[in-house]
């Protein structure tokens, strides 16, 4: 049987998800030998512009150039997989989406106008094209990409995770940093799959695998953390680290800033 | 059968248990988090512990355990039953014993689950008496005292332990350690009875379970479900820390050769979105409200005459949203 | 006190939980998304002990992919052969569709209570099936035809979307035309009113076929609630409407049987996914069902 | 006739870049190296974030030098708040950055640079002819990642290193495991030196190079508070702006740096050449053996310098672990921190060169102003200079070797200047 044709691409991001593939030191050679690799930006100078069976795309759509490339990749790929947070929800660079305009960001960092270049507000791939599978993480987890790839080779889309980090935290028996120490843990909102790395090290989850789509209860997190003594600005920043494009978090931000403006107006 | 173990003899008794298998006891991990961990000496344990975060069900229904390995070339599924280790769970509380009795019914009585049963049969349970904290309501659930379901049960006395023997295995342990145990005298019995009486008075939290099942039926449309679901993360902590919750999910993983792999089961939670989802995309409990209501209804219902809640308080203690089980139950049935 | 080991294992393992290999001996595409499979058990002893009733289901494993509950779609005739009707809807069923004749599947079961065929003996049967729901009813029908003398009149109401979505087409069309010879009245409804083939059937036998949802077929027939059991299977939305028709015709809640779909992961009442009900009445569909009466539904919240 | 030669997309680099050479007749009109990685504006969105989580965000600037960003960020914060960490913390940090150097250099030397010399498009295809070598290289890379995993919590964007210490101290057993693996993979690091010493390094890009590296103190290493320049000067890191003079270039998304009007180079070659006397043991011996091959003006000899650093880093990891274990591991928790409105600047040597983080905090410990200068931004102008030199010599397609050897992480684009590429 012909080997499936694979392309690995990156848009705007840190390159960490491709690096995680390269980091599969034990499995890398065997795993890639199942494919004809037609593109692997970070790992190979080989390039062939052909129809692909599977395209793995990391990075967010942050420029017109990104968008153009993404559309080309979508066009030629049977299965398009968004690899990592950037490609799903924009990751940290989407932190101020809906909060700070691109012009403002540009001005702050470069002192020049926005229309000078082709930036777009950072979004995941699915905001622009149809995506067949999303593998979350900042960076992606090796086991998850391994399972996804073996599953795809087997002919199936892998099972996706849509439960929170709390589940894995409990399965590991880690003490709850939120309950025990009052740390501002985002575990209850965050897509699992990391095996609760941070709570396992005694740290509060910062939500690096992104809020669970249509499920994360951001308003409840706000209430819980307010009660634990954290202020609104802190909590909202926190929720936004990896949730800038998440609708509920945007709504929550808006609600709070409106409320704040109102009270300030009254004073 | 009743015996007495003097405090001075306790270390030797404990040491002797090591010959019967791996001994697990309650160990403090952090703050109020306790866990049953392998222990070598009594000093590692905290026998005054309130509750472990993860209940003893973990010993019999692994959090993540391989059920089968498979090999496509050989076309065979092999049950993953390795060497069965003898296990002693030392210091289990009455509520958790009741919970295991319930799990035994589900996993062993009818169409016995192999993986559970093999482990369960290789385990010795040694109970220990406890005192309630503000989250315990086992008294209301009728699970504050265990009359069976254990091998030995130790009740603390001022100078030792009043020991109840609950099984033949327990009897064998006593026999093997004969010199350490003496017959309990009248004074010991009096102290034991007095302690139990005092202990019952220590309970502050109560839940009226008379007719609870009907009350839940009648509250099916209660707004409390929605109100509580608004606060709830749907994170599954309540299920995963519950000693009677037994939902599991099964996933198959293929290895690097694409031919061999394993079928793994892991604890599941009815608070998670996919719990009621069938292939094709239809979800029978699509909202958090429905899932939450289902959870409370399940806990408040009976499995072969036993309540699916033993009042251990874990779901309340460990809930990151601080949802109080008893409070919600009371609100729902109109007692609050 | 040693109780482990493989030998002990085979002694205590309930046969219902054993994964038994079965070879695909026949595989027919009935529609674009539904396949009819005939499986042959490789272990003849296992097959001998594999006794099932209409309405029961099995858990089917595809190696490397997973396991899914599939209802048995035939009465037990040849003990070596198991018939399944598989709709391609998820990972496992997708994988089943990729398999070819000669490939292996692994089966455990049979699970669930099935239809009370003995209890219904001596009565008329009214089978109401929608879409894939006809699959388990086919077992009931076959059983009744195999024991024809034990049952009265058999009415089958089958609702389909269009002609090409009709399952077991040859078989059912045969009954549609010739069923009366065996005292079987076969009715057909189709939802796609522009479907030509169905339209022709409706023109030809306007007493047996019409466009619309399955409940419309009640217009075409006369039934007396007395001496009749109704057996329903279809998409969740269908039950309420069919039950309404039946109640109007004086069926008692205990005369109405229906088989339900839920996420039956383990099939044996342990994994918890198929739970339904409320405080006083919690049920596991896989173990307590999947066949329930309407009386059960009245007493179990969220059942239909 | 005017023609343009373009290398559309530079590959086997982290990030996106391309080179454009404009030739008119036989004359080179222009050489532009564009980094067109999308900008992410870290410095803008980090504002108002509380210091404690600042490193968690900032380390996401780059995947391959994630720990470098992490440590630069943490040290800048600690400087702002006058935090003194324990010896154990310092040792663990030193271990971490050396682990990162191994992971990154192993990847770079064997998998990104070597395929060029051996005529393969990538390491996977190279493995078909050199399976043993590629597997050994992967083992070495894994050894580096093991440090990331155990000390930092995972390979990329680890989180265990915190302001004031480490959240969880690695176990003795884990550290011993690292030590064992390091000892076992040292021959592969030495093989790297051997390979690059034997390979003929092209000279087409030779041109005047100004070098910059951190002064690591008494021993060779990757952290320090002073910058050494090949002109013999030494500057506190706080003066970084005078050293880098960032400016924007229209054709590239990255800012370009200059020192006294000229481009300069940061990375392994500058480090080894400016701190050669501080090398010890095998690394020192190997340096002595091959010092004639390391030339200041040939950027392509950077790969050999990386290989020498690989050997140094393997030895240093073992040394750090020995020190940690002989001191006895202590669960010391994090140093108590008192926030104040203040500014802190710190630098570390990332695999690709000096990395600066500069923060200003308000009285609550939240970021008011942030500035990050990555090695990429510093090297960009120098790289373009190299391309110009090479193009003049070759007037043929610019070679990818140059990009890899120039040792640029094209990735960190905090300052990426998003200009449309022509």
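Letters A, B, C and D name the chains as they come in the text, with residue numbers starting at 1 for each one.
Just so it is clear, a residue touches a chain if its C-beta (ideal position, glycine included) is under 8 Å from a C-beta of that chain, and two chains touch if they have at least 3 such contacts.
Bear in mind the structure is a predicted one, so any value in this text is a computation, not a measurement.
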Using the touch definition from the top, list the chains contacting both chain B and chain D. A
From the Cα centroids, identify the chain that ends up most central relative to all protein Cα atoms. A
What chain pair shows the greatest number of contacts? A-D
Please indicate which chain is farthest from chain D, where distance is taken between mean Cα coordinates of the chains. C
Measuring centre to centre with CA averages, how many angstrom lie between chain A and chain D? 25
Inter-centroid spacing, chain B versus chain A (mean Cα positions, whole Å): 37
Chain B and chain C have mean C-alpha positions lying a whole-number Å distance apart equal to 38
In whole angstrom, the CA-centroid distance of chain C from chain D equals 65
For chain A, write out the residues touching at least two other chains, lowest number first. 154, 159
Where in chain C do residues touch two or more other chains at once? 64-65, 91
Each pair of chains that touches, named by its two labels: A-B, A-C, A-D, B-C
Enumerate the contact residues on chain D facing chain A in the complex. 9, 11-16, 36-45, 47-50, 53, 56-57, 60-64, 66, 107, 111, 115, 121-125, 127, 131, 134-135, 138-139, 141-142, 145, 153-157, 159-160, 162, 167-168, 248, 253, 366, 400, 411, 414-415, 417-421
Using the touch rule from the top, collect the residues of chain B that touch chain C in their complex. 68, 70, 72, 75, 77, 79, 81, 83-84, 86, 106-107, 110-114, 117-118, 121-122, 212-217, 220, 245-252, 254, 258-259, 261, 263, 265, 268, 270, 275-282, 284, 293-294, 297-298, 300-303
Under the definition above, what is the set of chain B residues touching chain A in their complex? 29-33, 35, 53-54, 58, 63-64, 230-237, 240-241, 251, 253-256, 258, 266-267, 269, 272-274, 288, 317-322
Okay, in this complex, where on chain A does chain B touch? 27, 30-31, 34, 146-147, 150-151, 153-154, 159, 162-164, 166-167, 170-173, 175-176, 178-181, 185, 187-189, 212, 215-217, 219-221, 223-224, 227
Quick check on the complex: what are the chain C residues that touch chain B? 1-6, 9, 12-14, 16-17, 19, 21, 61, 63-68, 87, 89-93, 104, 106, 236, 261-263, 265-266, 268-273, 275-282, 301-302
